[in-house]
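Structures for review follow.
Two complexes come next, and they have one chain in common, chain A, joined by chain B in the first and chain C in the second.
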Partner chain A sequence: MSPRVRLTVLQAAAPLVALLLGVVVAAAIMLALGHDPVATFALMASFNLRPASLASIAFKATPLIFAGLAAAMAFRVNLWNIGVEGQYYIGAFAAAMVGFGLRGLPAVIHLPLTILAGVAGGVLWALPPILLRLRRGAHEVITTIMMNYIALALVHYLLADVFRDPAQAGTPRIRTPLLAASARMPGLHDALALAGIELPGHSALNWLLPVGILLCVALALLLSTTRAGYEVRAVAHGAGAAEAAGIPLDRVHLMMFAGSGALAGLVGLNDLLGFFGYFDVDFPKGLGFLGISVALLAKNHPVGIIFAALLFGYLDRGAEGIQVFSRVPREVITILQAVTILAIVVAYEGVSRYLRALRTREAAVPGAATPGPEAA
Partner chain B sequence: MAAEPVIQLRDITKRFPGVVANDGVTVEVGRGEIHAVVGENGAGKSTLMKILYGLYRPDAGEILIRGRPVALDGPRHALHLGIGMVHQHFMLVPGFTVTENIILGSEPASHGRLDRARARAVVARLCQQFGFRLDPDAQVQTLSVGEQQRIEILKVLYRGAEILILDEPTAVLVPQEVEELFTNLRRLRADGKTILFISHKLDEVLAIADRITVLRRGRVVGTVAAGATKAALAEMMVGRPVLLALERSPAAPGELMLEAQDLTVADGDGRALVRGVSLAVRGGEIYAIAGVEGNGQSELVEALVGLRPLAGGRVLVGGAPVARHTVREARSRGVAHVPEDRHRRGLVLPMAVWENLILGHHRRRSFLRGPFLRMPAILEFGRQRVAEFDVRVPALRTPALALSGGNQQKLVLARELAFQPRVLIAAQPTRGLDIGATEFVRRQLLAARAEGRAVLLVSADLDEVLTLADRIGVMYNGRIAAEFAHGEATPAELGLYMVGTERKGREGAP
Partner chain C sequence: MELVASAIRLTVPILLASLGAVFSERGGVVNIGLEGIMIVGTFFGALGALKYGPAAGVAMAAAAGLALALLHAVVTITFHVDQIISGVALNMLAGGLTRFLSILLFGMATQSPGVPGFAPLSVPLLRDVPFLRPVASGISPLVVLAALAVVAAHLILTRTVFGLRLRAVGENPHAADTLGLNVYVLRYSGVLLSGVFAGVAGSYLAIEQGRHYFEGMTQGRGFIALAALIFGNWWPVGAAAASALFGFFDALSLRVVVTGVPYQFITALPYAVSILVLAGVVRRARPPAAAGRPYVKEEG
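== the complex of A and B ==
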C-alpha cells in the first residue's frame, strides 16, 4: 500500500525536516551576523565528537530524559503538566535534605532514600494541581504554572533562611551543607572501563543515565503490553469510549499525573547527586521547560525521548563549543532549538491531517476483505 | 425530462487514492424537478454533491449548468451560479434570531451599518413567498429542529439559489416535520426551483421525488421515475434482493432483566433531565424508547449503564439492585451497551480493531497473564468475533477509524454481544448506517431477543421502533409520556406524543 508507506516515511521524516528547518534559520542568522554557517556547524560537529564532549552530551541529556518522560506521561493522557519545573525543584530540594540531613547510613540505604525523597517531592507538588482538576475542574495549565512560582520561592526561602550551610556564613555562597557521600550517585567510569571505554576523569556522567534509558524502555513496554498500559492508551485516544467501557478516567488521570510528578522528582538528581553534591541558589533551572520541548519532539514516545534528549544535549554542548572557538553567540543555537520545536509542532499537525485524510478515503473503500488467518 | 435540463453531470469521475468514488456518473436534472440521489454509504452520493457544490474537482467529465459548461472552484462560485447546499448538520448561531442567522455573511447594509429593518422585511417576504411557517424574530435556540431546518433552506434561498442540494434532510425530523418539509419542497418546485435530494430512506424518496437516480459503488445503476417500488429500489441500491420486512418471532417474554424505578437524572445545575422514569424490560423482549432527541433519552441510557450519577430512583438488573452505580458494576452484571455516539463513546477510533474488541472485556482473566495482555487469546477472540459478525476489516491491527460506519457498528455489536449479556441497551444503533448495515443491526437485535436477552432500544427512527419493539415508550421532556404495545400505535400517533401535544399514561401532568 503506497499511501501507508508514504505515511510511515512522513512520520519518520517529520522530526528531521523540522530539524533541518531549524538549521536553515540558524544558518541564516549566522550569515546575517557575518559568520560562515557551514564552518560553524562543522566546528560544532568536530568539537562534539571529542571524548570530553561526548561525555558532556550524555550528562546534559540525562535530566532531559527524565523531564521529557515526566512531561510525556501527562501529555499522553491530555493533561498539560507545565509544572515539571516546580516539581523537580521541590524534588531535588527534598532529596538534598535527606542527603545532608541523614548521616552514617550505608549507601545502599541512603542513596535509595534520597532518590525516594526526590520522587516524593515531585509527587507532592503534582498532587494539588491534579486534585484541583479532578475535583474542581481547575485547569492544570494555570495551577501548575502557579505551583512553579511557589516552588521557586519556597525553595529559595528554605535555602537562604532555614537550611543554609552554617559553614558558609560570612561568604556570599547560599547553599545547603554538602550531601553525605553515601547519598551521592556513583559515576559510570568503572562500568564503562569494563566495556573498554575510558570516561574522562572529570566527567560527572553517572548511573542516572542508564536508569533513565531503562525507564524509557520499561515505560514503552508497559504502555504497549500491559493491561494498565492498554487502559492508559484507551483513555489517551478516546476518553469517552474508555469511560463507557468501565475504565475509571479519574484514577487513570490521577495515576498518570502523579507518575509525571514522580519522574519530575528525578530530574534534578543528576546535577545534585552526580555533580554538585549540594543545592545552591544557582541550582540549574529550566530543565522542566526543556522537558516539554523534548516530549514534543519525541511525540511523547518514551524511546523517542532518549534521542530527543541526546539531540538537545548535543546542541547545548555544541553551543558552548562554537561560542568559545568561533565567537558565534550560543543564543543562535537556542533559536535553532526553538525553531525546530515550532516546526515539529507544525509538521506533526500536517502529518496528522494527512493521516486523517488518508483514513477517511480508506473508509470509503467498498468491501475490504475479511481478514484471513494471517491477519493481525 | 420535465423541461430543459438545468444540471447536467456528464461522465463525472472522481478518484481518491485506492478508490473510485464516482465512475462515469451521468445525471440530468430538469428545471422544477425534485430529483433524488440514493445509494448506500460510500456509494458516492456525497462526493457527487460536493463536486456539484464546487468542493471537489472532478478528475474527468463535465458539468453543465443551464446548458453551459462550468468549472466550479468553490461554494462561492456554485452559489453565484445559483446552487445552494442545505447541510445535514445545521450551522446556526443559537443566540441569534432567525433573521440574523439568515443574513449572516451577506448582511444588507447602508453606509457600513446593518440595516435591520430591511433584513427583517426580506426574510419575512421570503417566508411568505414560500409559505414557510417561521417567525423572523424568534431566537434560534427556542426553535424545533424542523424550524431550524427551514432557516437553513431560507439561508440558501436568501442568497439567490435556484438549485437546492439537500443532504439527508429528513434524518433529524419527526413524521409531522417531514410532511411539512415535503410541502415546502413542493412549493419550491412549483416556484421553479430545482431540488436535489440525497437520502437513503426509500419511503421518503418515493413520496417526494419526481425521478430517482440510484448509485452503487460510484456508478449509476439507473434513473427511475416516481412510481418505482421500494423493493426494486432497494435491490438496485444494494445489488441483491433485500428483505425489508424482518422475521419477527412471536414474543416470549421471560424474567424481568432490567428495571428502572422512579429514575431521576439531573445535570450539573440540578435541572432534571430525566424525571421519575420507571420501566421494566423482560428477557426475550424489545422495549423501544421513541422520542425527539434531547428529551432525556441519552441521559436515561447513561444512567442505566452507570455513566451518569442518579439523582433519584434505582436500577435493577436481573431482579437485584445494582450495588455500586458504576459502569464496571453494570457490565459485570451483564449489561451491554451500544452507545449512541459510536465515534466518541463506542470506539477508540485511533486504536486497532483488536483493541476495540476487548474494550470493557480487557479485565477478563482469559485475556490476561499477570499484568500483561495475553495476545494469542486476544487475537483469537478478535478473529472469531470479526468472522461471526462479518466485520469487513483488512486486518485486526487496522485502526477502527479506517472502517466504514456500518463496519464500525458491527465492531461495537460484536464486542457488546460477546460473553452472553443479559441486557442489551442500544442507543440509536442504526443512525447513519446504510440499508445493508441497518438490516444487519436490526437482525442482531432480534437475534438477541430470540436468545432471551432483554433489549432496550432507543431510536429516533419510528419505522425501526414500530417494526422491532414489543413495547414502545414515548419519551417527552424527561418522562415516558405514553406506552404502547406492538401494533397499537401509528407513526402519526407516536409523533403527537413525541412533540408533547398528547400525553397519557402513568406519569400524569408535570
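== the complex of A and C ==
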C-alpha cells in the first residue's frame, strides 16, 4: 500500500475504530451489570428501526446539526467557541419573545422574524468573546464558558421575573406565554406523505431538518469553492502564513465566530418552534456541548456533521430503548459517546502526525512527490 | 457573622479546585475538565463517607479525581490532543459516569442517601463570644485543610525545586527541556495534583455541605474555580482571595430577601468579573506563557 492510500484508509477508519472502542467499553459495562451486550445492541438496532424511532432520531439530530455546524465554523479557524450552549439559550429565548410578543402577523412574516430573532440572539452572545479576543487578547475558551453561565442566569431572570406567563400565576409552572401559531415551524408530515413516507402523527419532526441539511451542503460548497472559503481554509492551515499572504485575519476570525453564533441561535428552535411552543425553566440544556462532540467526530466537515448528528440521535434514541426494554441504564450510552469522542481526538491526532511525518519524508527526498500547494 | 461563616463554607470548594487549577496551569496544561472531576468527587465522596466514614470519602474522591486527571494527562500530554477538547470530553464522561454509578450503587439516578460528615471543630474561648460564635464554631476540618493548602501551595511554587521547575515548564517547555528537565513528568504531576484537589473539593460539597450527593450539586463551581484562578493571576494566594470573593457572592445570592437584587444577577457576577479581568479591564491578566499548548519533544 502506498503511503497516500494508507493515509486515506486511516482517515476513513479513524472514526469507526473510535466508535468500536466506545462500543467495547459499553459492552464491558453491560457485561459487568449482568446484561448480554450482543442482545442489548441487537435490541437497540431493532428498536431504532421502528417508524417512531426513525422519526425521533431525525428530530433529535436536527438541533445537533446546527450545534455541530456552529462549533465547527469556529473550530475551523482555530477559535474555541465553547459558548454554543449560552448562544443557543439566548437565541431561543429571543425567538420565543418574538414568537409570543407579536400577534396577528401572517406566518410568512412572523416565522422568518422569529428565526431571525434566534439568529440575532446567538450573534449577540457570540460578539463579546470574539471582540474581546481580537481587541484585548482575552482567550475565548474562558470567556465563552463564562458567557454560558451569564446566559443561563439572564434567561432565568427574564423567564421568572419579566416574561412569565400571567396565565400560569399561582401554579409552579414557570414559562413564557404560548407562541403564536404563525411563529411555529410546520411539520414534515405533508411533505413526507408526498414522497410516500408516513410520519407518525405525534412526531415533532419539522422543516428545520431539511434546512439544517441544506445549510451543511451550502457551507461545504462555500468553503470549498468560493474566495471567502479559500481565505478560511488558508487561516485554518496557518494564521501567520495567511496573514502574510494578505488575508485579513481579524475579519475572517470575526466572520467565522459571528457565523458560529448565528448557527448556534438556530439550535434551540427545533424544540421551541417544532415541539414545545413555549420556553420554560426545563428547556433542553446541553445541546451546545453535544454539538462540540458532533463537530469533533465530523472533524469539522459540514457534510460529516450530518452523519455525526444522526449517529448521536441514533445513540440517544437507542439509549431510551434499551433502558425501557432491557433495563440497561441509558447512561451506558453517554459513556459510550464520551469514550468515542476521546478516542476519536486521539486517533485524528495520530493520523495528522502520520501526515506530518509523511510530508517531512517527501520533502527530504527530492522528486519523490510532485509538490502540491500544501506541501510548499 | 452568619453571612461570613456561610461565605467561608462556600469558599472552600471553589478554593480547593482553583488551587488544583494553579498547579495544572502553572505546568502549562489547561484543565477545563475540573468541573467534571469535581462532579466525580461529589459522588465518590458521598460513596466513601457512606461506607467507611467521611475521611474515606475524601480519600476516595481524591483517588477518583486522580484517575480522571490521569486520563486528561495521558490524552493531552502523551498524545498531544488539544487540552480544551479533552476537557470537554472529560466533563461529558463525568456526567454519564456518575449518573450510571449512582443508579448502580445508590439505586437512584440523581442522589444518594444522607452521609455522615466530619465532627466539627471550634475555637476555644472565641466560640463563647456570641458575636463570633458563627465563625468560631462548627468549623469543618476541610476548611482548615483548605487554608493550610493555600500556604503550602504558595511555598511549593515559590520555594521548592519541584515548584520552580513546574513553573519553568509552564512558561517555556523548550528551554526547560534543554536544561534537562523532564517536561512530561512535571506536567503529569501538575495535572494529577489538580485532579486530587478538584476531587477533594467535590467531596467537601457532598460530605460537609450537602450531607448527601445529588446530581448537579457542583453548579459550575469547577468553572468558577477557573475564574478564581484568572482573577488570582495564577497564584495560590490570589486564587484564595478571588475564591473568597466568589464564595461571598454565593452566600449573598442565598440571602436574596436581604439584598433585594434578583439572585440571578449575583449568581452571574463571578462570571462577569472574570471576563472583565481577562479583558484587562480590571488589571492585566498574565497566564503562564505555554498554558494550553501541547509540548512535542523533538525526535531524532
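Here is the rule we go by: the second predicted complex is superposed on the first by the 366 of 376 C-alpha atoms of A that agree within 3 Å, B and C clash if a C-alpha of one lies under 4 Å from a C-alpha of the other, contacts with A are read in each partner's own complex, and residues count from 1 in each chain.
Convention: a residue touches a chain if its C-beta (ideal position, glycine included) is under 8 Å from a C-beta of that chain, and two chains touch if they have at least 3 such contacts.
Just so it is clear, the model here is predicted, and its values are computed rather than measured.
Q: Quick check on the superposed pair: does A:Gly34 touch chain B, chain C, both, or neither? Answer first, second, both or neither.
A: neither
Q: Does the superposition put A:Gly201 against chain B (first), chain C (second), both, or neither?
A: Neither partner.
Q: Identify the partner contact of A:Pro172: answer first if only chain B is touched, second if only chain C is, both if each is, neither if none is.
A: Neither partner.
Q: Regarding the shared-chain residue A:Gly104, is it in contact with chain B (first), chain C (second), both, or neither?
A: Touch partners of A:Gly104: none, neither chain B nor chain C.
Q: Between chain B and chain C, whom does A:Thr334 touch in the aligned arrangement: first, second, both, or neither?
A: In the superposition, A:Thr334 touches chain C alone.
Q: Based on the superposed arrangement, let me know which partner A:His156 touches: chain B (first), chain C (second), both, or neither?
A: Second partner only.
Q: After the superposition on A, what does A:Ile145 contact: first (chain B), second (chain C), both or neither?
A: After superposing on A, A:Ile145 lies in contact with chain C but is clear of chain B.
Q: In the complex of these two chains, what residues of chain A are touching chain B?
A: It comes out as residues 1-3, 225-228, 230-231, 233-234, 237-238, 240-246, 248, 358-359, 361-371, 373, 375-376.
Q: Could you list, by residue number, the parts of chain A that touch chain C in their complex?
A: Chain A residues touching chain C: 29, 33, 80, 82, 128, 132, 136-139, 141-143, 145-147, 149-150, 153-154, 156-157, 161, 289, 292-293, 296, 329, 331-335, 337-339, 341-342, 345-346, 349-350, 353.
Q: If you look only at chain B, which of its residues touch chain A in the complex?
A: Listed in rising order, the residues of chain B that touch chain A are 16-19, 21, 42, 217, 305-307, 326-328, 330-331, 337, 339, 341, 344-351, 354-355, 358-360, 362-363, 368, 371-373, 379, 382-383, 386-387, 390-397, 399, 401-404.
Q: Looking at the complex, which residues from chain C come into contact with chain A?
A: 30, 32, 71, 75, 79-82, 84-86, 88-89, 91-93, 95-97, 99-100, 103-104, 109, 220, 223, 226-227, 230, 262, 264-265, 267-268, 271-272, 274-275, 278-280, 285, 287, 292
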